[in-house]
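Pasting in a structure now, in structure tokens, and then I'll have a few things to ask.
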Amino acid sequence: MSATRYTYLGPEGTFTEAALRTLPEAATRELIPMVSVPAALDAVRNGDAAAALVPIENSVEGGVTATLDELASGEPLMIYREVLLPIAFALLARPGTALADVKTVTGHPVAQPQVRNWLRNRLPDALWESAASNADGARLVQEGRYDAAFAGEFAAATYGLEPLVTDIHDAENAETRFVLVGRPARPASPTGADKTSVVIWLGDDHPGALLELLQEFAVRGVNLMLIQSRPTGAGIGNYCFAVDAEGHITDRRVGEALMGLKRICPKVRFLGSYPRAGVSAADTGKLRAGTSDAEFIEAADWLARSQDGRT
Amino acid sequence: MSATRYTYLGPEGTFTEAALRTLPEAATRELIPMVSVPAALDAVRNGDAAAALVPIENSVEGGVTATLDELASGEPLMIYREVLLPIAFALLARPGTALADVKTVTGHPVAQPQVRNWLRNRLPDALWESAASNADGARLVQEGRYDAAFAGEFAAATYGLEPLVTDIHDAENAETRFVLVGRPARPASPTGADKTSVVIWLGDDHPGALLELLQEFAVRGVNLMLIQSRPTGAGIGNYCFAVDAEGHITDRRVGEALMGLKRICPKVRFLGSYPRAGVSAADTGKLRAGTSDAEFIEAADWLARSQDGRT
Amino acid sequence: MSATRYTYLGPEGTFTEAALRTLPEAATRELIPMVSVPAALDAVRNGDAAAALVPIENSVEGGVTATLDELASGEPLMIYREVLLPIAFALLARPGTALADVKTVTGHPVAQPQVRNWLRNRLPDALWESAASNADGARLVQEGRYDAAFAGEFAAATYGLEPLVTDIHDAENAETRFVLVGRPARPASPTGADKTSVVIWLGDDHPGALLELLQEFAVRGVNLMLIQSRPTGAGIGNYCFAVDAEGHITDRRVGEALMGLKRICPKVRFLGSYPRAGVSAADTGKLRAGTSDAEFIEAADWLARSQDGRT
Amino acid sequence: MSATRYTYLGPEGTFTEAALRTLPEAATRELIPMVSVPAALDAVRNGDAAAALVPIENSVEGGVTATLDELASGEPLMIYREVLLPIAFALLARPGTALADVKTVTGHPVAQPQVRNWLRNRLPDALWESAASNADGARLVQEGRYDAAFAGEFAAATYGLEPLVTDIHDAENAETRFVLVGRPARPASPTGADKTSVVIWLGDDHPGALLELLQEFAVRGVNLMLIQSRPTGAGIGNYCFAVDAEGHITDRRVGEALMGLKRICPKVRFLGSYPRAGVSAADTGKLRAGTSDAEFIEAADWLARSQDGRT
């Protein structure tokens, strides 16, 4: 039954699967690998799955464009959870392979920039070819098509490979953010450490449009955690922006900022309000003065009294 | 009975009286001149009068500080109407006086800058001394204390004087704005060409405070028509701002801007929403896109749907 | 000879004279009281005096409009010094007068709001009439025209009066700021605690004009200490702004902000850069990061290198 | 000799080669395909090539991250030219293949989102696997590893394939922007229709940092044409921004904005000023009032006079 089924960006043995298994509920769900982000999300749209886990942001590569673009277009979906996973690659090879033997390497295109410097230094002559996924790269090594694959160390056993080198990551603190995506429904209640995701289309491309967008947030004291431009498909220079803002859509300051955007932008798509991974309410910064719900309510009372002549 | 009594900045024969008589209702009220703006307004505060007409802005002198300061402090009052009156002075003297005989002139201190250049050119040696009002200056001329007084030509007869020169005004388009002030009550309904007056105190005097104040209006597309700094009395450099904004407090964009100010400023005093003098709804500029009531309501609906998961 | 002559807003016995005498150089100058601010400044313009001391800002009344308007128009003048003087009034009367006998009071119009509450409480029935100056008010009391005058206690002896009450000031910290004005010349070198005064005309009165003006300062980290709107004389709603900014015109951040204003505003008048009264370089706040002269120079070097392809 | 050698993102038969061949000078250069963007650029850094042509922005995929990241880090390079190329794919297969026979397709990962919808509609069951380049995909089809490849129609002959379908592109106006990159040198003189590219690192990640960055441009009237966030590699949420601004680094408004950024941001990398492809000086929008070089010079003159006291 679809309510017990979660899809994820497969195949088995990817970081996405590892991220999915960190969710407690994963133990009681049927986890189904899909060949692509669109496939994983379409299963949710079609009702074949209750939710999908897909990567959305990577500390090396930035926004995962397939995910951002899928969430921005097509039937609306909503984010309910995020998962942060530290990313370190192992270089997997068939048993008996020495590092010096490696002439061809493979891996997911997103992995490449994360191991680019390592490759330059350690295997400067190795030829990189992209695979559909890190796990798929491991399979191609198993089949003998490449000498070695970058993948999670946990994928070695599945494909009968051995890690030649482990803990490879060009950047310190390499991590990937994944989101659990479902069909639209009322977001979970605020926890005090929440995040709200939206996609915002700018209008007539007038010069100050992005500045105005940011001011809608700034004037209400809403901090932004991510702003990622994405082409709209309408030609070079036409962009929409994927934005993650601190706070929950039911926080007054967030709601008022979103309404402001809705009024001045041709299109705003709400992608969900959900708890921030690894952050508790106690860790969040102090709100700017004048932006708490209590202050919004007090100001609304004052306005009502003023409109009534009771000053 | 107080409901039929209007006070005004007297004495009889001032421009304020002339402005008051342009209101149709003046014909059915008892009009009582008062010695000062505070006296005229205190009569309203005490219930001795239903309303007071006082000058508030002058195209030469700027804000009338006595009025601004009285409205900003003490028991709250509210503005219900504004009147615009073109200002031109006559130089009034006792019959038989020639211009060359005039060695001393008088008038209200506010009149002085409006005739300063005229005096410099035509009576460079005449000594100016201020009178409590233009009309009072005329009286002092009648008593022989000064040779001539600047006042409205209409004051000549009352004091047995003759106009030596008429239509004196240094600036083109000289006019004064008067307001009809009463005790706080629900403002009249919007006419489509309204103005909202507030006094706003800035907080801890941090450098960007005024910029933030203006942005609360700008981000909601509310135009300002007047911004006048007034000292708070707490020492040099401490200011509050009297602001006139286009629109009515029941316009959503105005209400949201006022609530924003209420949240970030230590004090906001609402002084009323009232029709703009000499401007009809047809004359007002087009609203900035995204700031009409209809667009506010549409955005609020969208937010409610989003909070519910009905995207 | 004019180089040794300073004019001031007279007559003798005013606060302005007291302020002027706080300047060390006053001891070696001929100090000449003038009947009005325009007269004091015209003497400088005409070469009859080297400088004039006039009041410019008052912690109760705000900007002194006669001074602001004179500096904003006519032949250019420049401010070279500022003086701060605490203001407290004495109520002066002829010897033998009791407080209960006082039915009429006088004083400079600017004094009135500073003693308004005191009058309301202690002499609620006394009639106020304005005099040309506080000292002139004292003279009129001497002549018997009024019962008492508000003036500086130091004026009592000059006019044969006695102080009935002293230390009268509605507001705590009441003080007046005076400026020493001369013909334009190169400003004194920066002291590290300087102030720059300008008058800025806004353009076509488009809604965001004041916001843009403030942003020219804000983006360069220049703090404003005063912003005072003044009517331009072109009709209700047309304003220019007298602005005092922290810093000296030779500070790069101030110079760049002024050039920005010069480009976007129809008219900017530079009124001088001069040391702040009562503030030493050690007392001034920290500059915002990126706004010191050293950082401006470093950035200019970087730009020159970049334009040259030496990155 | 390296001065006659241009590298490009190969292999032969890619869109990049097609773009490079639109440059007149390409006819007299030795054109060398490289396996990756880093390889093409390293050849320039090493002196093995005078310049490299690489894709930088794609109307479907957005910024080409490998190029942006390579330009942002490592030895400085500079952009001297841009080329716009309309992008349409052909589906290439071995002779005799029918569309219905196609079970596996390949192509560059960047091609995938540009044909995603076409695939969904026309070949919903085909399995996509990424190739190192579009041309490489064609080679893999030639070798029989996949049934069909998305590539430029011009690549068919090289690999002995036939186009099954041509002119495939999900989005209207699909085009790619390429840049010609060389070692740093003085940029070409302004043409009146220029573009300036920079990478800007934000500081301590305080909430308003991006807003401040945009205001440095806005206050000088410099329009932005592209703003693309890129992770700095310092962990999720740490971004730098690749920005394309209208104008040339020798335009005063652009230079002043860049200096402003240099002062407030920890790092700014200038990537070049170069002519805009497909736009002549006659096509560019009107400058905002107050931002022309003439107005900058006039304001600088005014400042110098003011600093000298010659107002």
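A, B, C and D are the chain letters, set down in written order, and residue numbers restart from 1 in every chain.
We take it that a contact is a pair of C-beta atoms (placed from the backbone, for glycine too) under 8 Å apart; a residue touches a chain by one contact, two chains touch by 3 or more.
Just so we're on the same page, UniProt names per chain: A, B, C, D = Prephenate dehydratase.
None of these values were measured; they are calculated from a predicted model.
S.K.: Taking contact as defined at the start, I'd like the list of chains shared as neighbours by chain A and chain B.
M.R.: Both chain A and chain B are touched by no common chain, going by the contact rule given at the top.
S.K.: Provide the C-alpha centroid distance between chain A and chain C, rounded to the nearest whole angstrom.
M.R.: Spacing between the chain centres: roughly 58 Å.
S.K.: Counting in whole Å, what is the centre-to-centre distance of chain B and chain C, each centre being its mean C-alpha position?
M.R.: 24
S.K.: How many angstrom lie between the CA centroids of chain C and chain D, rounded to a whole number?
M.R.: The answer is 56 Å.
S.K.: Two or more other chains touching the same residue: where does that happen in chain A?
M.R.: Counting only residues that touch two or more other chains, chain A contributes 215.
S.K.: I'd like to see which chains touch which, written out pair by pair.
M.R.: All chain pairs meeting the touch criterion are A-B, A-D, B-C, C-D.
S.K.: Where on chain B does chain A make contact in their complex?
M.R.: Interface residues on chain B, with respect to chain A: 76, 78, 184-187, 212, 215-216, 219-220, 249-250, 255-256, 258-260, 262-264, 268-270, 289-291, 295-296, 298-300, 302-303, 306-311.
S.K.: Considering only the defined contacts, which chain C positions touch chain B in the complex?
M.R.: Per the touch definition, chain C meets chain B at residues 35-36, 38, 57-63, 65-66, 69, 84, 109, 112-113, 116, 120, 127-132, 136, 170-175, 177, 207-208, 210-211, 214-215, 218, 223-231, 233-239.
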